[in-house]
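One chain, chain A, links the two complexes that follow: it is found with chain B in the first and with chain C in the second.
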Partner chain A sequence: MAGGMILIFLYFVALFAGFVAPYSYDRLDTNYSFHPPLLPRLQGPHLVVPRYEQGGGVFSYHIVENDSKPLQFFVHGDKYKLFGLIPATIHLFGTGDNDYPVYLLGADQFGRDVFSRLLYGSQISLSIGIVGIVLSFAFGMIIGGISGYFIGATDTVIMRLCELIMSIPALYLIISLRAAFPADMSSAKVYAMIIIILSFIGWASMARVIRGMTLSLREQQFILAARALGQSHMKIIVRHILPNTFSYVIVAATLSVPYYILGEVVLSYLGVGIQEPSASWGLMLNAAQNTEYLRNYPWLLAPGAAIFVTVLAFNFLGDGLRDAADTKSL
Partner chain B sequence: MNLLEIKNLKMDFGKNAEALRAIDDVSFTIGAGETVCLVGESGCGKTVTALSIAKLVPAPPANYVGGEILLNGRDTLKMSARELQQIRGGVVSYVFQDPGASLNPVFRIGNQIKESLKLHKPEKANDAEVIRLLKLVGIPAPESRIKNYPFEMSGGMQQRVMIAMALASEPKLLVADEPTTALDVTIQAQILDLLSELKQRLGMAILLITHNLGIVGDMADRVAVMYAGQIVELSPARELLRRPLHPYTRALMNSVPKLQGGADRLSAIPGNVPRIGNFPPGCRFAPRCPIARPECSEKNPELLEVEPGRFVRCPFWKTN
Partner chain C sequence: MWSFVLKRLLHMIPLLLGVSLLTFLLMSLAPGDFYTALSQNPQISPETIAHLKAQFHLNQPWYVQYFYWFKSILHGDFGYSMAYKIPATSLIFQRLWNTFLLSFFALIIAWGIAIPLGVWAAVRKDSWVDRGCSLFAFVGLSVPDVLLSLLALWFAASTGWFPVGGAESPLHDLMSPLQQFWDYTHHLILPAIVLAAADMAGIMRQMRSNLLDTLRAEYVTAARARGLGEGWVIYKHALRNAINPLLTIFGYSLAALLSGAFIVENIMAWPGLGRLTMEAFFAKDSYLVVDCVVMATALLVIGNFIADILLAWSDPRIRLK
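What follows is the complex of A and B.
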């Protein structure tokens, strides 16, 4: 259940990313390129943010002693839209002074706050998993239900189609599809495209499993009883068969979310996903490809840690749900 | 006009060379408000006959090769899918053997009864009507029971819920396919009492499938005895129990233990029911029949009316 708690926390933060992040995801300040991570220090009763200064080599910073600014809560800062709707400027914390940046996880090469971008990026990276799963599972369940319920020719055609789709190497399909679209697509369009492509490939395996379960469920007496009541075929599938697969589907969905998250990460990392200046975890890792960067500015790997935690949390949650749903094992 | 008239029904499983005749020339009628029992050993075609009334046997593999099933004067075998959906649950409702398996395990019973109402009485699909139905079938505290899942109820309760669902649309005919086989004896009696009481109150006809001859005596107006896909004896219940005519019916009655009988071995019918597709030539019961003659294996006898209202498929029924 720890996995569940972590995920609730992550999604909650992603929902309020604009408020929690001290800066906007595209706010850049080239004076502070590769600013190192800092932690506010306790000075008397206040938390203060020290000032860093460049010197002694390119992008090497040192702390300026006795020069700090108290950390404030609920300060005015960059504009953002809460939930994408309500315009707001209040941030959870900040210094209110651009000369004293709060870079909790450092800054990237353009002097953008990695922490803020991580939060904005989580909106894309985390939601892609959920939306993708909902799309592909809904589709896969209905198709699989139809296939298993009607059997015969319908079943054969649908299953061969599934096998065809499953035999396509997903990554190459995505890259070639991406190449077919203009390079300067907006991030919103790319986001939708990634979800559609990942779902297009993902529904087939779901449909196969649901078909198998439907094949056994359709022989149950309560299906005969529903038919004897005069229920229509589609309603029997949707209302009687599919609900009986939910305990499996919920577990399978939880365990599949990481594939969608990683799918987005891979695409963005390869440069065919979300485009700058929008933030996603894969895109941010893309910036950390350079070994020199990695050696000198390891904080650029922060999104990797976020991915690691998220995927692990989903797997723990899925395992937990499976144990809870599986009444046979002890 | 009878509520249900099955005339010379013939049904195969499979087609052409692989066809296996599961129902062969079955005819019987059920009048409005009448209770007819269908009796026979496992695999003799009772359930398939009953399911055919609403064309519930999936086709393929089922293949109706002859006869008709007139329900309210209309042949259900010729109905469109839409018409069948109206008939199913609307005119003829079913109650099956295992109530635990007949209820969808993931829905509350109130919602399942409501589903039945939505299909055939949409204007009455509300909690009040569900509670009324549950009261009708004798479930105590129905207000709290509608929130129960099937697994929270006993087998007898589940069967009552099934009956409530079947009654929701006020059908003309209730087909009860061994409704008490999965229940213990005291609950069996309760469910059967409930069925007779509801029959009196609602005036519906019942087709009761059973292999328990005790139930026949309690419930039936008329009895059809089936053997290997055919009706071998059709008769008013009282007379059939008092004086069975067909050797198979007699053998069945003899294999029921009697209260006042001695401690002798129970008599059993020698041999087994022939498998479908492997019926003996001539009379299908001949190999197991105590009064069989050589000519029995030559020609399958017809079902003939030997006394008023009594039909027997055996020319030698007078022999003992």
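What follows is the complex of A and C.
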């Protein structure tokens, strides 16, 4: 259950990203490019933020002794919209002074706060996983149900299509699908496009398994009874057959979410997904591609750690659910 | 056995046809083509562009293009790369060979480490070895390829033990054949390890649970009752049966391997098929993208075919299906 707790925490923080993040995702300050990560120090009863100064080489920083500013909570800062609706300026913490930046995870090449971008990025990266899985599994269940219920020609056509999709290595298919969309689109369109692409690939494996389950379910007495009562085919599939597959579907969905999150990460990393200045975990990792940056500013890998924790949590939760549901077929 | 092989081979043809048709359709939906960028150039006359387009049938509908493409494929010709300005066939096969080598070495590393580890964990069930392996597997299953590749790059850049990306050093052409071989291997090691690490955890977990299941079987108890040594029971009786189901995983893990190779190639600059796909994608060299996707699928389908043959060879029950 530890996995579930971590996930609830992550999604909760993502929901309030604007409030928790000390800065806006696109606020840049080129005076502080590659500012190192800092931890507020304890000075007396207060937490204070030390000041860093450049010197001794490009982007090399050192702490200025006896020069610090207390860390304040609920401080006014950059404008943002809570839940994308309510305009607000209050942030959980900050110094309220641009010369004393609170870069918990350092800054990137444009002097943007990595921690804030990580939080804003989690909104995109984490939600794509959930939305994608809901779409593709809903689609996969219905198609699989139809295929297994009607058998015959319908079944053959659908299954050949599934085989076709599943026989192309996933990333090659993702890139060919990406080619069908224009290169530059607005952020919202890119977001929708990524979900469409990932769902297009994801439904096939789900449909195959659901079809197999439907094949055995359709022979059961209660389906015969429903048919004898004269219920329509669609109603039988949706109301009587599919609910019997739920315990499998929920476990499989939990274990598949990481693939959707990673799909977005790879697309954005390769530069064909979410575009600057928006933040997503994959896009942030793209900056770490430069080995010069990577060697000197390893905090650029922070989104990688975030991805790892998220995937680990989903795997933990999925394993726990599998044990609870005891679905042997997995 | 032969009819089984033939049936599986014939099955591959419509599949590859379907894949090429699907990719072709998707590429035709793409806005603009390779010459869209060139047509912005005032030094190139529209007639030249129209002529070039006609040469590659780009002015025709996609199904006509597909027909021409398919016709040349039947002659073993993958067409001409518009971006690289060389025949695509040599380009594709050179990159395919790199991807094959990368995946092959990763496969050997992954199975070579995962199988003994899985057996060890199963034999010492619930010991610290087993716990350590489980933890390792769980972490391994969750580390994304992207992060692992970047960490490997970081490692290579900060220690200098391994070259940072590429397949050849700048002086490669001046080296003796032996040095060239070593140079290539030196570049291959790190990407192969990264790719293997991603695959290892799953195989190890499977091996462990298979062996544990087999050790519970009655014939193992019978073997023990006959007074056979524990080593003999495990390696001669249980292990041979436990490895069988892993052949199914082999085919399955190939798909993950090829997708993993795509990521590793692009991050670690290994000149394989995945990298070529991205280069062709950005250059809008649409025929080359189709070629790459079809070749990658062929690699996967052939890999699965080999896995099926291995399975049929080891388990006669499967041949009857």
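Quick notes
Quick note on the criterion: the second predicted complex is superposed on the first by the 316 of 330 C-alpha atoms of A that agree within 3 Å, B and C clash if a C-alpha of one lies under 4 Å from a C-alpha of the other, contacts with A are read in each partner's own complex, and residues count from 1 in each chain.
Convention: a residue touches a chain if its C-beta (ideal position, glycine included) is under 8 Å from a C-beta of that chain, and two chains touch if they have at least 3 such contacts.
Please read these numbers as outputs of a predicted model, since none were measured by experiment.
Of the two partner chains placed around the shared chain by superposition, neither chain B nor chain C is touched by A:T30.
More chain A residues lie in contact with C than with the other chain of the pair chain B and chain C. Once the two complexes are laid over each other on the shared chain, residue contacts for A:T156 go to neither chain B nor chain C.
With both structures placed on the common chain, the touch criterion links A:L177 to chain C but leaves chain B unconnected. After overlaying the two complexes on the shared chain, residue contacts for A:S232 are found with chain B alone; chain C is out of touch. Of the two partner chains placed by superposition, only chain C is touched by A:G282; chain B is not.
Shared-chain residue A:Q221: touches chain B; no touch with chain C.
Comparing the two interfaces of chain A, the one with chain B and the one with chain C have no residue in common. Those residues of chain B that touch chain A in the shared complex are 54, 56, 84-90, 93-94, 96-98, 101-107, 115-116, 119-120, 162, 165.
Of all residues in chain C, those touching chain A in their complex are 15, 18-19, 22-23, 26-27, 29-31, 138-139, 141-147, 150-151, 153-154, 156-158, 164-165, 255, 258-259, 262-263, 266-267, 274, 277-278, 281, 286, 289-290, 292-293, 296-297, 299-301, 304. Interface of chain A with chain C (complex): residues 160, 163-164, 167-173, 175-183, 258, 262, 265-266, 269-270, 272, 282, 285, 288-289, 291-292, 294-295, 298, 301, 304-305, 307-308, 311-312, 315. By the touch criterion given at the top, residues 220-222, 224-232, 239-240, 243-244, 246 of chain A touch chain B in their complex.
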